[in-house]
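The two complexes that follow have chain A in common; it is paired with chain B in the first and with chain C in the second.
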Partner chain A sequence: MVKDKATVVVVGGGATGVGILRDLSMRGIDALLIEKLDMVNGASSRYHGLLHSGARYAVRDQEAAKECIEENTILRRIGKSCVEAISGMFVQVEGDDPDFVDPWVKGCAESGIKTREMSKEEALRLEPNLSRKLVRAFEVPDGAIDGFRMSWQNVLSAARYGGRYKTYTELIKINVEGGAVKSITVRDNVTKEEYDIECEILVNAAGPWAGKVAQMAGLDCSVSPSKGTLIAFNQRISNRVVNRLRKPSNGDIFVPHGSITILGTSSITIPDPEDTSTSWDEVEELMKTGEGVFEHLRDYRILRVFAGSRPLYVPKGADGGRNASRGFVTLDHEKEDGLKGMMTICGGKFTTYRLMAEKFCDVLAPKLGNTAKCRTAEEDLVPAVSEADKKAARQYFPSYGVNLAATRLGTDKFPEVVKTLKENPETREVLCECENVTMAEVMRIAQEPTSHSVADVRRRTRLGMGTCQGNYCAIRSAAIANKLFKDKLEGCGDSLSDMKNFLQARWKGITPVMAGKTLREAEMTRGMYEVLFNVNGGRR
Partner chain B sequence: MSKSDVVVIGNGFAGLMSALVSADQGKKVTLLSYGAGTFPLNSGVIDVLGYDDSGKAVANPAQAVGAVADEHPYKKIGTQALEESVKFFQDVVAAEGFPYVGSLNEQQWLITGVGTLKPSCLIPESMQGSKCFEASEIVLVGVKGLKDYYVDMVAENLAKELGNDKKYTVVTVDPHYKGARDLTTKDVASWMDTDAGYSDFVSQVKESAGAGKVIVVPQILGLKGNVVWKKIVAELGCPVVETTAMPPSVNGLRLRDVLLSALKKKGITVIENSKAEEAVIEGSKAVAVKAGGEVRLQTYNADKFIVATGGFYSGGITMRDFGEAKEVIFGLPIECDCVEERWVNKQLFSDKKQTFAKTGVRVDATLRGVNESGNVVLQNVYVAGRNLSGYDFCFEHSGNGVALASAYKAAKA
Partner chain C sequence: MELEERARDSADNCIACTSCVAVCPVTKANPDYRGPKLVGPAHNRMHFSDESDYEDSLKLCSNCKNCDITCPNGVSVATLNMLERAKYYKAHPEKHTQADQMLSHNFQMADMLKSIPFGRSCANLGMSIGEAMGMMGAMGIAPQRKSPRFATKYFRELYKEIKQPEGLTKEVLFFPGCFIDVNDPEVGVAFVKVMNANGYKVLMDDRFKCCGSPLVVGGYLDEARSHADSNVAVINEYAAKNIPVIACCTSCSLMLKAEYTELFAQEEMAQAAKNVYDAFEFLTILADQGELKKVQVSSDKKFIYHAPCHLRAQGMGMPAVDLLKEIGVNIDSADAGCCGMSGSYGFHKENYETSMKIGSELFDKINASGAHKVVCDCGTCREQIKHGTNAKTTHPIQVLAKAYEQ
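Here is the complex of A and B:
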């Protein structure tokens, strides 16, 4: 049954998909994005969050390097609240190939990336945790970026131009008539209802799942999912991004975000993009390499380990993994395979998501007779929350949480939350001290149409995502959710199950690193929830 | 530097009990303390054995303790020492005016801070959840502004445990707190220790009390022993039951205060804020430990040492890297089955013990560390509490029971 229609349907709620949704919407094209789970659940939120300067690609792939530095400049401007505008360092330590440096410096210069060599003393003064085996250090314009938030801001920006989105809506069939895509069949993963959506063009932006989507139309598109494993530490090890100055390999990059640091990544070709498991060997490899840069790495507490799948595009006959291109391809299936009304975008990296969308839409738009120019680099993703609103909020918020909440909520929802805090003092309870999340914010986000479960609310608010790993807020969020959202959100009505599921989700990232200070935290979690609260229930 | 008969290292439940039992033997005891052990975390109740290996509730702890696996500390301690230790503990707390109820032959039932039931063995009078079993109405009291106690959730879960044929009523007390921050149970307990706070609280719950009812409150009935509990039970005319609580747990702190008071009466020297860093070993004996703050280490000589420094949480056992588990002061031999397939259960809450949780010092029946051939490594160093290997106290609910019995046996040796 046809229940909806859109000129363009975009499949996939990662950075690529949301970038295209925003680009199309700003060109005045009617577009609808569907995502099988919650928005941004794949690699766009499961990577190190590096805003590349391009220096990493300066030797092997100067085109990618140039794109990175241009996009780096643009994203710093249009996505201020998602970017930590810090700089980066490339460091060479004893044992690294000294001959790599000159071509790298030259490559950076040719790509338009400013580098500055600093003395060993200066480098150690700026980043005191660096290894004493440091040989040379260069400054580069790297930054840190919150992929989850930036993706969401793209969605919200698109919505202001009429772009639509449906989460928990999974593509299950592509309906072709007379050599052209006419509609798709989707399943609502919340209600389990199946229905059709008519469209003129179907965009496959499913990242590592793109091969599976292409198969539904009988097409062959070789995407090689490549798993990247990352480790999050409970502190800012450095104030800048720190890269190893050598041929890119595993465990080379440290990116500080807020109060944590992410070390990445590995690159393992896997058959199933859903596979985000990690092993001791992967962790050990990252730690071993990372120790070269920060020698006391094993003394820092690890928060969790996680993995995401990169959507590497592999032209026929080439191999995947680290040697596959980080570039992207636009496949027009009308030209390639004789199927009208379907295009695929594949590969790429977060830093260049906007440019990818621009180039892709430059091909797509003319097919619809639209000649509008791309405007996504001209306008901020979201308008900034006003200083007056922030000032008002400081009366009710823990003051250092004001900026966090303002960037999470944005201009429309932030003033509403402040109003609730003002009128109802009980909503001022801070449910999550790590991320400064108040009850009022949780209540507001629960009303969003994309909030189907407590887990969705947690992702949007970052409730329970902070450094305590949910030890303190698991009980709070379970209690609040069950009180306020019973019958409204899936997963409510049984606070014990909710509490257990929440801690279990965190546990997955903890088990592969159960050593060092992580053991201490685990003994405390179990002491609280098993011994003190006996969450497994009483008279078994 | 004077010499003690016994140096006890550790300020948690196992450490304090080791010191008390040693002093009771007429020994001159020095206790090195650093931190507060797990008192603020464990609600000060003595779990002996709540669940067996398959996760089934244990009805008779004494019987179940007799049937544990060979690796389990109880096997090494033996039931006789356990029985004696329980009596010793009950005498100590009773003499301090803070009696604990319960015996090794049955479980006591607690109501937890989320409303589930929890088996335990020795508990303070204020926490007897079994009072609810026969009641027709349970009045659940919440406190406005109190963090981490969600009375509606307690009601939801307690109704699941006890059945819907009872009436569950929720009352929220307003402590008229004017400050800006969230309240903890400790804050509210301090308020209850004041006459004004107590009267205010009673006036707000009095109407809901009465025959056939039980009042369930968070752990807020004062910081000093059972004083407030006795008063309020008499005044309301029906049972009043405290739940377990999120740290800092008030009852854990009450028990700690009571034990420290007993320590003082026994003339035990307590060195505060003094972290034991290293041991001085001569042949197969320890002669001293060096402990102190940031500046310099003091040497503490003794004939006998009891290690009660805790597990991973307290830092008595560390494992910087996979397979490198250590007992940090004496370097005692460690039992550690650090194999990737077994080390951690994929499920946090499951029907299996966690292998990593069983990591600890390998001991014989004398509670001294032994090498793989079973030979004692240091003749005069004994181990008590979570330093021991072979049990998962979270899964079994056996933490303070093992601590008590092993402390008793180590001190008696």
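Here is the complex of A and C:
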């Protein structure tokens, strides 16, 4: 049954999909984005969060390096509410190939990336935790970018231009008639209802799943999901991105993100992008390399490990993994395979998502007779909450809470939360003490039509993403949030099962690193939920 | 320099178990305080978000260290709080009140008065008049309190008059600390007697400065650092000669033994810490080695003992009460938590109510005990006890000195 209709349907709520939705909407094209689970379910949150300066690619791939620095500059300007405008360092330690430095410096210069060598003393003063085996250090304009906020902000920006989005809506069938895509069949993963959406053009932006989506139309598009594992530490080990100055390899980069640091990453080709498992061995490999940069790395507390899959496009005949191109491709299936009304975009990087969307839409828009120019670099993703509003909000927020809440909530929801905090003092209770999230914010996000479980609230608030990994906020927020959800996710129907699912997902990232400080915390959680609350109903 | 115990890094150990919140006396007495877990380790991760923001209720922390005592994971919560407070005052020196200035720099006042003839008597008279006229309140000091009076002779002056027996071969260096030196020199005198009786000559070194505890609490961290540096240099000099340094004030000894290293993370501080002892800790070691002068008291006068928080924070039990019991003193521990004074904390006007509320359990126990005197190692705890109960107080070293006199 046809229930909906859009000129363009974009499949995939990752960086690539949201970038295209925004671009199309700003060009005045009617577009609808569908995402099978919650927004940013794939690589765009299971990633490192490095806003590349391009320096990492300066030797091997100068074209990518140039794209990165240009987009880095644009995103720092338009994405103030999702980019952490810090800088980065490339450090060489004893044992690293000294001959790598000159070509790297030259490559950066040729790609337009500013580097500045600093003395060892300066480097250690700026980042005191760096290894004393440091040999040389350079400053580069690397930054950090938050995948959750960036993606939601693109979607909300698109919505201002009429763009629409549906989460928990999975493409399950592509309906082709007379050599052209006529409609798609989707499943609502909350209600389990299946229905059709008519469209003129279907955009496959399913990242590492792009091959699977192409198969639904009987096409062969070889995407090789390449899994990368990342370790999140409980605190900021440095205030700058720290890269190892050598030929790019595993475990080379530390990115500080808000209250945490992420170390990564590895690269293993896997058959199924759903595979986000991690193992102690992968952790050990990363830790070994990471210790080269921060020699006391093992003293720092690991919060969790997680993994994501890069959507690497493998041209026929080439092999995958770290050597596959990190560039992206636009496939017009009309030209390639004689199927009208379907295009695929694949590969690329988070950092260049806007440019990818621009180039892609430059091909797509003329097919619809639209000649509007791309404007995505000109306008801020979301307007920033004013300093005056933030200042006024301070009296109701917990300390250190205003800035973070303002960038998460934006100009529409932030004042609403402030109003709730003001009028209803009990909502000032901090439900998540590790990431400083108030009851009012949890309540506001729970009321969003896209929220169906505490995990959905987590992705938009950072609830449960800090030190205790949900130990305290799960029990505090499950009941409050579950009263406010419009539709509840199957399997999370009541607050108890929702709370258990939420903790189970946190647990997944903790299990592979259950040692030392992390183990103590896990044992605390187990003691509380299994012993004290007996949530699993165990009997003697 | 590589120190394992860096306070900032210790925040990483927090498992958010909330035990510290359960034992924090200020959290219990004053709901405005957001509690050690949030203000300490939790906020420590959040400071990046806004350098200009500040947790207002941090000013309510008394640095009593009950959080550190209870923490199962070795988080130096109180020190995290003090470091954060210092950062704030460094950026906002204008926020320091007159009371902060005075209560943190009592040692300056003491030195100044010493140099003026009749300075101390005049100051004491001035204080009485000031208190009567409500001037203390105007300066931010709790008007209900009676400020400790300046002794007409400080310990450093009395020390010079003491004739220690000839021929003592063993030596210890005394760290008197401000309260004993200036307000309660008799404690120092008793200490010299006890040590002499045990064959030790007591040395003094004029280079010692205030341990810096009141400076830390007041947010004057740079000044505290300079005190730490010079005290540590002196201690290490004596350490090289195998002369231990002993304090009778448990806040001083905690500072020298633990807080310097936690706050400033210097190897030489960790080194110095090994050469510092609390008086009864030292005497207990002598007793264990069978070297303590034997004495037995036979009096059924009842004492009650209050264990200062800063003694408990040293993790060595209650050596004073154990030793006194051992020699037959009828003494029991009140076991009533914090007295509420925490050095200069309870002297602040805005903390007075909290301070008295915290102390109420101890006051009740003391009043109900029927003891003739309260024994306590800490000078400001004794002030609080006198204020809250009208009981007579004494330092355990004075009780021991008396026993030796029998």
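Here, the second predicted complex is superposed on the first by the 519 of 540 C-alpha atoms of A that agree within 3 Å, B and C clash if a C-alpha of one lies under 4 Å from a C-alpha of the other, contacts with A are read in each partner's own complex, and residues count from 1 in each chain.
Note that in this section contacts are C-beta pairs under 8 Å (C-beta built on N, C-alpha and C of every residue); 3 or more make two chains touch, one makes a residue touch a chain.
Everything numeric here is computed off the predicted structure, so don't read it as measured data.
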Joint occupancy of chain A by chain B and chain C, clash or fit: clash
First (chain B), second (chain C), both or neither touched by A:Leu32: neither
Which superposed partner A:Tyr529 touches (first chain B, second chain C, both, neither): first
First (chain B), second (chain C), both or neither touched by A:Val430: both
Which of chain B and chain C A:Lys500 touches, first, second, both or neither: first
Touched partner set for A:Gly538, first chain B, second chain C, both or neither: first
Touching partner for A:Ala478 - first (chain B), second (chain C), both, neither: first
Comparison of chain B and chain C by chain A residues contacted: B
First, second, both or neither for A:Leu230, with chain B first and chain C second: neither
Which of chain B and chain C A:Tyr300 touches, first, second, both or neither: second
Partner chain in contact with A:Val83 - chain B first, chain C second, else both or neither: neither
Among 313-321, 349-357, 367-375 or 385-393 on chain C, the segment whose C-alpha atoms clash with chain B after superposition: 313-321
Shared chain A surface residues [contacts with chain B and with chain C]: 299, 430, 472, 520, 524
Residues of chain C defined as touching chain A within the complex: 9, 11-17, 34, 37-38, 41-50, 53-56, 73
Of chain B, residues touching chain A in the complex: 38, 41-43, 47, 51, 55-57, 109, 112-114, 116-119, 144, 147-148, 150, 152-153, 156-157, 161, 182, 244-247, 249, 311-313, 315, 318-322, 340, 343-344, 346-349, 354, 356-357, 393-395, 397, 399
Chain A residues within the chain B interface of the complex: 279-280, 284, 298-299, 426, 429-430, 472, 475-476, 478-480, 482-483, 495-496, 499-500, 503-504, 507-508, 511, 514-516, 519-520, 522-540
Touch list for chain A against partner chain C, complex: 234-236, 239, 256, 258-259, 299-301, 394, 398-404, 430, 433-436, 466-468, 471-472, 517, 520-521, 524
